[in-house]
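Next up: some structures, all given as structure tokens.
In the two complexes that follow, chain A is the common piece, with chain B as its partner first and chain C second.
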Partner chain A sequence: MPATYEPIATTTLGSTTASVTFSSISGAYTDLVLVCGSLAYVTGDDDAFVRFNSDTGTNYSWTQLNGTGSTTTSNRGTSTSGIRSINGMSTTDKGTAIINIQNYANTTTYKTTVSRHSTSFAGAFVGVWRNTAAITSVTVINLGAGGFASNSTFTLYGVKAA
Partner chain B sequence: MANTYVAIATVTVGSGGAAEIEFTSIPQTYTDLVIVYSARDNQSGSTGNDNGIKFNGSSSNFSGRRLLGSGSSVSSDTVAPYAGSSTSEGVTASTFCNNTIYIPNYTGSTNKSYSVDSVTENNATIAYQILYAGLWSQTAAITSVTIVRPSTFNFVQHSTATLYGIKNS
Partner chain C sequence: MTPVYKLSANSVKNGRTVYGSMLAGNTAFIATSFESIATTTVDSYGSSSVTFSSIPATYSHLQVRAINRKTGGTWGQTRLTVNSDTGNNYANHMLYGDGSSAASGNNGFPINWISGGVETGTTQSASVFGSYVIDILDYANTNKYKTTRSLGGGDNNGSGYCWFSSGVWMNTNAITSITLTPENNNYAQYSHFALYGIKGAA
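Presenting the complex of A and B:
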């Protein structure tokens, strides 16, 4: 049976790190899945954003739905410098996020994402990158002063439709 | 290329029903675990119930937050331990809840975070879509996972669960 869910690369942080980038991504898959585990931040910002192909321009937008355990919120960001994809990270407990990037290698459509996070919130984001280029690199970045905590793990998988 | 999304075991509930769906002696050779299951319970008159979860036989030290969409409203609550939902005998026959549990780094030495996606679809006005953020504040590697019936009611025949292991290399 052919493998249809293949690990592309993985990293476990040995120290506090602001961002993690997976580069030189092959176009051989249908979709990408980024799994973040043991996820925590050090100080300053409980959010994480995803960027593609090192694009730091304001070419992204996103919509968020969160549950705190007692209240629900929905927010929207447009013309941002990344797709907000994780929030509610803690400095102590360890969170999880799964980010799906669909049809990433096509050169016709803008690229969309769906992410779900299990942190101090239960929630999800959808996002778009207004660019038709094939995605060859993925960066997940914490914009806070401290960055992601040591032992946070990031694994990028490629999913093949056939 | 090695297959890295591997079905470890499947449990299908038989005609007698079952109080629990359990996976034991989980190999420690994967990076993440995924449990995909569909469930229905035998509580008459009920539309659905929450299922519990145990790691390594324990239902202690769990916490979590849940986000629910009913088709008309959104709410959030805290329930723990939670492993998804099951439809009950009070709703459309032959309809089962679908649930996915994702447990990353299950062999690691940090507290274990996990997520649950659940849908309780049926032919009625209200059906829920649920996201759940769960935390087991224990550092032990997970060697067994048990999905626990709601209250005293049993999972009915044809409820089924598959445990998958995912390797990152």
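Presenting the complex of A and C:
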């Protein structure tokens, strides 16, 4: 029987990596929480997206709220190939993010994520994967140039309700 | 180390079992700081509200994790009240984005509920649920008003809200029950609400 809140897997990058995947996720939990730390890009200023079950189709969408220190903005992506979950990182601005993937194992609802991040911006995302399948793998990917820098960390937790 | 003996129903027949560990073959009990208190999943009849009652004071903080959808209407705010207090003893503020602009607001002051998070309705696509995480800090402390914060939202592939909110219950009583109510209509089937307790150091 799993604990209420426990780590499932952790990855610390030893070299530049374009994406990180947690696979073979059991359905034993209620929610998943993905914590990304000390993220930085090797080149440029791109965004990180999450995908589920290796689905690279345009079956995702997201809405963003951002504060830059002087202004607040909101934008969205429709029919995208992933849920935008972190932005504002660069080669010098490291970022952190906590991504909640709730009721990931049910087979009746689309899967919604809510996340917050701190980079050169402070903000949050909500996203949806338009699929009722249970999530068994989570991929974090940099869809721009370069990749995640060495020493970026990714930890996936499971949260188990009574 | 002195051996550990375990006697069981089979010991008379097979003799005692000797172990080198005090666990004597049992799984170790590991105390956790994040515990599940109660969970509710709405059935096909829907539900006008969800209440977690008889919440013990043994934790430092509470966390509600939920997905929710209404049986009608459109986007809305889940309303959180505590200890069955329906008076104008609450206040809240929110910061949100609708995909084109960001805004900040409140629902009036004082008011009789706290904004808990975003819920979807039947105007949104079937199977799209709002999602949120509410933290209720120092809920059992009897020396201060109770403060909440939440992160939530919903996305319908072309519309949606990303939502931060904070709230206060202007009462020093310990919180022993939490009620979540949709802005209108009822909670729809598969809406799921889970309450967790977070312990502090002993």
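Going forward, the second predicted complex is superposed on the first by the 157 of 162 C-alpha atoms of A that agree within 3 Å, B and C clash if a C-alpha of one lies under 4 Å from a C-alpha of the other, contacts with A are read in each partner's own complex, and residues count from 1 in each chain.
Operating definition for what follows: a contact is a pair of C-beta atoms (placed from the backbone, for glycine too) under 8 Å apart; a residue touches a chain by one contact, two chains touch by 3 or more.
Treat the numbers as computed from the prediction; the structure is a model and nothing was measured.
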Three-chain arrangement built on chain A, chain B and chain C clash or fit: clash
Which of chain B and chain C A:116 touches, first, second, both or neither: both
Which superposed partner A:95 touches (first chain B, second chain C, both, neither): first
Touching partner for A:65 - first (chain B), second (chain C), both, neither: both
First (chain B), second (chain C), both or neither touched by A:54: neither
Partner chain(s) touched by A:15 [first = chain B, second = chain C, both, neither]: neither
Contacts of A:26 with chain B and chain C, given as first, second, both or neither: neither
Partner chain in contact with A:130 - chain B first, chain C second, else both or neither: second
Touched partner set for A:162, first chain B, second chain C, both or neither: second
Chain B versus chain C as contact partner of A:4, first or second or both or neither: both
Overlap of chain C and chain B interfaces on chain A (superposed complexes): 3-5, 65-67, 72, 116, 124
Touching residues on chain B, where the partner in the complex is chain A: 1-5, 31-32, 64-68, 74-78, 102, 104-105, 108, 110-115, 117, 131-135, 137, 166-169
Residue numbers on chain C that touch chain A, as the complex places them: 30, 32, 34-39, 65-67, 69, 95-102, 104, 118, 125, 127-133, 151-158, 160-164, 190, 192, 194, 196
Chain A residues touching chain B - in the complex, by the definition given at the top: 1-7, 10, 35-39, 65-72, 88, 93-96, 98, 116-124, 151, 153, 155, 157
Chain C partner contacts - residues on chain A that touch it in the complex: 3-5, 30-31, 61-67, 72-76, 78-79, 100, 102-103, 106, 108-110, 112-114, 116, 124-128, 130, 132, 159-162
